[in-house]
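Okay, so chain A shows up in both of these, paired with chain B first and chain C after.
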Partner chain A sequence: MIYQKMAIPPRSEHLWRYTPWPRIHPSSTDEVPEVDDVTFSLSTEHELESISHSATTHEDIARAFLQSAGGSNNRLIISEESEPIHIDARASGHVAVGHLHLDVKASCVVLIHLIGEPEWVGIHITGKVHPNVQFSFGFINELDSNTKFLRCEDWIVERDAELEHATLSIGGFRCKSDLRSTLNGTGSTIRQSVTANAVGPRHDDEHVEIHHLHGHTNSDLVMNSACSGSSHFIATGLLTIAEGANKTDASQVFRNLLLSEKARAEAIPELEVLADDVSAAHGAATAPVDKNQMHYLMSRGLSPDESQSLIVSGFLLNAFSNLSNKYLTEEMKTRLTVHLECELKR
Partner chain B sequence: MSDETQEIIGDYRYGFHDPENSTIRFDKGLSEQVVRDISELKDEPEWMTEIRVKAFRHFTERVMPEWGNCDLLNMIDFENITYFLRSSDQTEKSWDDVPDDIKNTFDRLGIPEAEQKWLGGVTAQYESEAVYHSIREDLEEQGVIFLDMDSGLKQYPELVKKYFGTVIPHSDNKFSALNTAVWSGGSFLYIPKGVSVEMPVQAYFRINAKNMGQFERTLIIADEGSTVHYVEGCTAPSYSTDSLHSAVVELIAMEGAKIRYSTVQNWSSNVYNLVTKRAVAHKNATVEWVDGNIGSKLTMKYPSVLLKGEGAHAEVISVAYAGKGQHQDTGAKVHHLASNTTSNILSKSISKDGGRSSYRGLLQVTPKSTGCRSKVVCDALILDGGSRSDTYPTMEIGNSTSDLEHEASVSKVSSDQLFYLMSRGFTEDEAMGLIVNGFFEPFTRELPMEYAVELNKLLELEMEGSIG
Partner chain C sequence: MGERMVDEILRVENLHVSVEGTPILNGVNLIINRGEIHAVMGRNGAGKSTLANVVMGHPAYVITEGSIFYKGQPLEELEVFERARAGMFLSFQYPASIPGVQVGTFLKKSVASVRDEPPKGRAFRKELNAAMEQLSMDKSFLSRYVNDGFSGGEKKRLEILQMLLLQPHLALLDETDSGLDIDALRIVAQGINEVAVNSGCLIITHYQRLLDLVKPDFVHAMIDGVIVRTGGPELALRLEDKGYEWLDVAA
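So, the complex of A and B:
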C-alpha cells in the first residue's frame, strides 16, 4: 500500500503501543520529507550495487514510509566465503534514509556500524540466507544522542541455513526497531540477540518477530537491557509456529535490569503456536541490581559506580552467549565494553 | 433432539434443556425502552435506571473490540438475543417451593445435595433471575448479607449505590456497558468486619432458553479482616443457535480481608462467555481468583486485581480447555498500584480437536509502587495437529525496586510419561487422562473437593478418544 493512503496504526496493536507512529515519524505523519542518503562503505573489496527502488508495496506503515522516502538503495551479493565484512553506515543531513539488501550465498560475517548526527535516520535492511549457508550479522547503533531512529529488517532463512543476528543498541534519542525473520526451510536456524543500554532520557523500542513456517526449525532469541536515568526500554516479541511445523524448537528470553527510580521497562513476549509436536518457551524478568553482588564488589574496593558498571557489563555481555560465531561475539563485546567504559568516565 | 444439536452436545453432559415456562419474556432485541422496561419491572430506584440508560448509550456508541477473536466476536447478533426472561415470580427460600421443572434441572446438576453437605449459602439463577436463595442461619446472625443482586438493591440500596460500578464502571468496555444496561440477577454478598465465613457460598447460573442473554451482576464486599470463599458454577443447554453470557463481577477486599472467588465454567459450545471480573484489594488484603474454563464457543475473561493498599496480595490460578470449535481467550491482569504488593499468576491450558487457547495477561507496576514482587507462569499443552495455543503477556514495569518474572512454555504430552503409565497397565486413553489431570492439578487442589472431583470427571470425558 502507498504510505500516503495508509491509516495511522492504532495503539491497540502491540507494535505501536509504546512508540506510536506519530512519535517516530520525522515530522507530521501526512508528510514524506526530502531525505539525504545514508552512505555505506565496505572494509573489503566486495562491491555494493546501487539499485533503483522497487515498486513493491508494504502493508507495514514504517516500511511503506521508508520506501516512499527513498534515500540510498544498495545490494550486496556475497557469493564466496570471505573475511568478515565491516560496513560503515554514515548518516548525515537533516533526515537520512538508507536501504540495503544482502544476498548471502556463502558463509560469512557482516557487521554494520551506524553513526551520524541527523535529526532523523531510517534504515531498511532486507536479506536472504541461501540454503546451507551460515551467516552472522551484527548491527551497532551508535547514532548521536539527539537522533530519532527507525530501523526495519526482513530476513528469509532458507533450508538448513543459519542466521546469527546480533544487535547492540547504544545510540539515538528515540529508537524504534522492527526486526522480522522467516525460517523458510526445513532445518533452518536463527540465533538472535539484542542488547540495549538505555541511559538518560533514551527511549528504545525493539520488536522482534520470528516465523517458523517449516518443521525442524530452531530459534533462540535473547534480549537484555539495562535502563538508567529516565530511560524507557520496550521489548516486544512475536514467535509464530505454523500449522504442521513440527519438531520446532523455539525460545525467547527477555531480561531487564532497572538501575534508577525513573527508568521503565516493558516486556511482551508473544507466542502463537499452531503445531502440536513442538517445544516453545519464553521467559521475561525485570529486576534491580542485586544488592549482594554490589556488596561483594564494593567489599573488594570498587566504588559503587564501578561495581554497578561491572554488573551491568556482565549482564549485557551475557546476551551474546547464545551466538556461536566467535568473531561476531568478540566484536560486539568489544564495542559494548568500550561504550560502558566511556559511560563510566562521564 | 435434532442431529445438529446432538452433534453440538457431543459429550457435554449438561446439554439437556427443559421446556421453557417463562412468566415474562421480552421480545428479542435491545433498545433504550428494553433497558427502561427491565428497570421498571424490577421497580428500581431512579439512580439505577439512569445508570442503565447511560450504560446503554455507551454500549451503542462503543465499537466492538479490535483485538482477540474478532471473527467470532463480530458474529454476535445483538438483535437476536432475549435480554430478559423471568421463569419464576419470586425467589424461593426452600427447594420445595421452586417450580418443579426448574427444581428438576438443579437436582440433575446436584445443587440441593451439595448445599446440604458443604455450603454456607446458595443462589440458583435460572435465565435472568434467581429462583432459589438461602443462607445458613448462623451466618445471617453474624451479619453476613447474601442475597441475589435484585433483592440486594431493594433491601440495601445505599450499600449497593456506594459500591456498584466503582470497580468496573460501565464505560470500562463494550460488554461491561451491556451488562450495566441490562443486568439482572447475580449475587450480592457483604461480610462484616472480622467475620470469617468458613463454608463456601455458592451461586449457580443456568441458561435454559434459546438465544438467551444472561447478564448477572455480582458484587462482593469483604469488610476489614473478614474472609469468604465464593464458588460459581455455570452450565447451559446445547442449541444450534448461540447464547450470550456477559457478567460483571466486582470484588472489594477491605484492609486485611481475604476473598477467594472460584469458578468452574462449563457452558455448552454455543455460548459466548464475555465476562469482566475485577477486584480491588486494600491494605494487606488478599484476593484469589481460581478460574476454570471448560466450555463455551468463545470465552474472553481476564480476572483482574487492583492492588491498591500496601502489602496487598493477588493470586490467580486459571485453567482452560479448548476443544473442537472453541476459543478460550483467558488470562489475568494485576495492577500493582501500591508499594510492597505481591502477586502470583499460574495459567494452564490445553488445546485439542482444533481448539484454540490464548493466554492474555497484564502485569503493571506503577512508578511509585516500590518493592513489588510478581511471578507469572503459563503452561500450555497442544494435544493434536490443527489445535493452537497463543501467549500474549504484557509486563509494564515503572520502577527499579520491583522484581518480576514471567515464564511460559508450549509443548505436547511427553511420550516418556505416556510410555511409563502404559507399561504399568493403563490404556493410552487412561494414561492421557491421568497426565492431563496431573497437568491441571495445581488448579483442582484449590477447589472444594466436590468441584475438584467433578472437574476431573469432566476432563476425563473430554479426553475420551484423544489418542489416535
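So, the complex of A and C:
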C-alpha cells in the first residue's frame, strides 16, 4: 500500500504504543516532504551500486513512508570473503533518507556509522544472508542530539547461515527503530544485541522482531540501556516460532539501568510460539545501580561518580557478550567506550 | 606516647551498631597496632562481619554509640572511597560481581585511585605479573569480568591480589579462607603474611586452619556483638576444640 492511502496506526498497536507515528514523522502525517540523500561511502574497494526504488508495497507505515520519500538507494553485493567493510553514512540537509540493500554471499563484517545534523533522518536497510554464510553487522547511530531518527531493517537469514547484529544507539533526540529478521532456513542463527545510552531528554524506542520459520533455528537477543536525565528508553521484542519449527532455541533478555529519578524505561518482550518442541525464554529487568557494586568499587578507592560510570560502562559493554565475532565486538566496544569517556568530560 | 600513636592503626571504642533498627554490635572495644595480626572468631551472626563492614563504612550499618579511629583520626566523616584512599582495605566475604568490567581495567583504576596517580605502564605490569604469579593466577584473569562467573576460590584470590597491589595499612579479611582448598589457602596465607608485616590486620574466620598459616598476635571471641574474651593463638585452638558454649557460661 502506498503511504498516502494508509491509516495512521493507533496507539493500541504494540509497535506504536510508546512512539506513535505522528511523533516520529518529520512534519504533518499527511505530508511526504522533499528529502536529501543519506550518502554511503565505503572503506574498501567494494562498489555500491545505485539502484532505482522498487515497486514493493509495504504493510508497515514506516517502511511505506520511507519508500514514498525516496532518497538514496544503494545495493552492496558481497560475493567474496573480505576485510571488514566500514560504511560511513552521512545525513545532511533538513530531512534525509537512505536505503541500502546488502546481498551477503560470503562471510564478512560490515559496520555502518551514521552521523549528521538534519532535523530528521530515515534509514531503511534490507539484507539477505545466503546459505552457510557467517555475517556480522554493526550499526552505530551517532546522529546529532537534535535529530529525529527513524530506522527500519529487514533481514532474511537462509539455511545454516549466521547473522550477528549489533546496534549502538547513542545519537539522536527521538529515535524509533524497527528491526526485523526472519530465520528462513533450517540451522540458521541470529545473535543480536542492542546497546543504548539514553541521556538528557533523549527518547529511544527499539523494537526487534525475530521470526523462526523453520526448525533447528537459534536466536539470542540482548538489549541493555542506561537511562539518565529525563530520558525514556523503550525495548519491545516480538519473537515468533512458526508451527512445525521444532528444536528451535530462542531467548530474549532486556535490561535497563535507571540512573535518575526522571528517567523511564520499558522492557516488553513478547513471544508467539506455535511449535511444540522448542526452547523459548525471555526476561526483563529494570533497576537502579546495584548498591553492592557501588560499595565494592568505592571500597577500592573509586569515587561515587567513577564507580557509577564504571558500572554503567560495564553494563552497556556487556550487551555485546553474546556476539562471537571479535572484530565486530571490539569495534562496538571501542566506539561505546569513546562515547562514554566524552560523556564524562561534558 | 607519640610513637605509640603512630603505630596505632585502628581503635574501636564501645562500638554499638544497628542494621535496620536491629542491634548487632553491643559495645566492641579493639585496638590494632602496626604489624599486629588480630583474629576474630565467633558463631554465625555474632557480628564479626558487621565489625569489618562498619569499619569500612558500609552504608547499611548505623553506628548508634561509640567511635572508630583510624591512625588517630575519627572515621565517621570519611566516605568509603576516602577510607580506601587512606589505606584501608576490606577483603569481602561475598565480593560483588561487575559484569562488563574487566579485571585489568578495574585493577588499574583502583590502584590509580588509591595511589593518587595513574600506574606507570611497564612498572605496573611487572608488579601485577609478580603478584599474580605469587597467587598462581593465570593472566587470562585480567580479561575476565570482575567476579563474574568466578568460583569461590577465584574470588578470594582476586581479593588478595587487590590487597597485594594496594598495600593497605589496615587489612580487614572477612572469611577469606572460606571456599579455598588447602593449596589455595597456603598461597593466600602467604599474601596475607606479606602485607601484615607493615599493616594492621584483622582476620575474621571460623577455622583454625588459616591461623596455622597466619599466626595471630591476638585472638578475640565474639558473642552477641561483644568481644567476650581475648587471648593469644591458644584461644583459637581452644575454640576449635571446645566450641563457644563455655564462653556463653563465662559471658
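Following the convention adopted for this analysis, the second predicted complex is superposed on the first by the 346 of 346 C-alpha atoms of A that agree within 3 Å, B and C clash if a C-alpha of one lies under 4 Å from a C-alpha of the other, contacts with A are read in each partner's own complex, and residues count from 1 in each chain.
We adopt the following convention: contacts are C-beta pairs under 8 Å (C-beta built on N, C-alpha and C of every residue); 3 or more make two chains touch, one makes a residue touch a chain.
Note that the coordinates shown come from a computational prediction; the quantities given were computed from them, not determined experimentally.
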**Q.** Simultaneous placement of chain C and chain B on chain A, clash or fit
**A.** fit
Q: For A:Asp290, select first, second, both or neither according to whether it touches chain B, chain C, the two together, or no partner.
A: second
Q.
Tell me the angle subtended at the Cα centre of chain A by the Cα centres of chain B and chain C, rounded to the nearest 10 °.
A. 80
Q: Give one of first, second, both or neither to describe whether A:Arg300 is in contact with chain B, with chain C, with both, or with none.
A: second
Q) Once the shared chain is lined up, is A:Gly244 touching chain B (first), chain C (second), both, or neither of them? A) first
(Q) Looking at A:Leu271, would you say it contacts chain B, chain C, both, or neither? Reply first, second, both or neither. (A) first
Q: With both structures superposed, pick whichever of chain B and chain C touches the larger number of chain A residues.
A: B
Q: Using the touch definition from the top, say if A:Tyr327 reaches chain B (first), chain C (second), both or neither.
A: neither
Q.
Going by the contact rule set out at the top, does A:Leu258 touch chain B (first), chain C (second), both, or neither?
A. first
Q. For the overlay built on chain A, what is the smallest gap between any CA atom of chain B and any CA atom of chain C, in Å?
A. 15
Q. For chain A, what residues appear in both contact lists, the one with chain B and the one with chain C?
A. none
Q) If you look only at chain C, which of its residues touch chain A in the complex? A) 56-59, 79-81, 83-85, 89-90, 92, 95-101, 105-106, 109-110, 113-114, 145-146, 162, 166
Q | Touching residues (chain side chain B, partner chain A) in the complex | A | 66-67, 367, 380, 382-412
Q: Could you please specify the touching residues of chain A with respect to chain C in the complex?
A: 290-293, 295-304, 306-307, 310-311, 313-318, 321
(Q) Going by the contact rule set out above, which residues of chain A touch chain B in the complex? (A) 10, 12, 14, 227, 243-244, 246, 256, 258-288
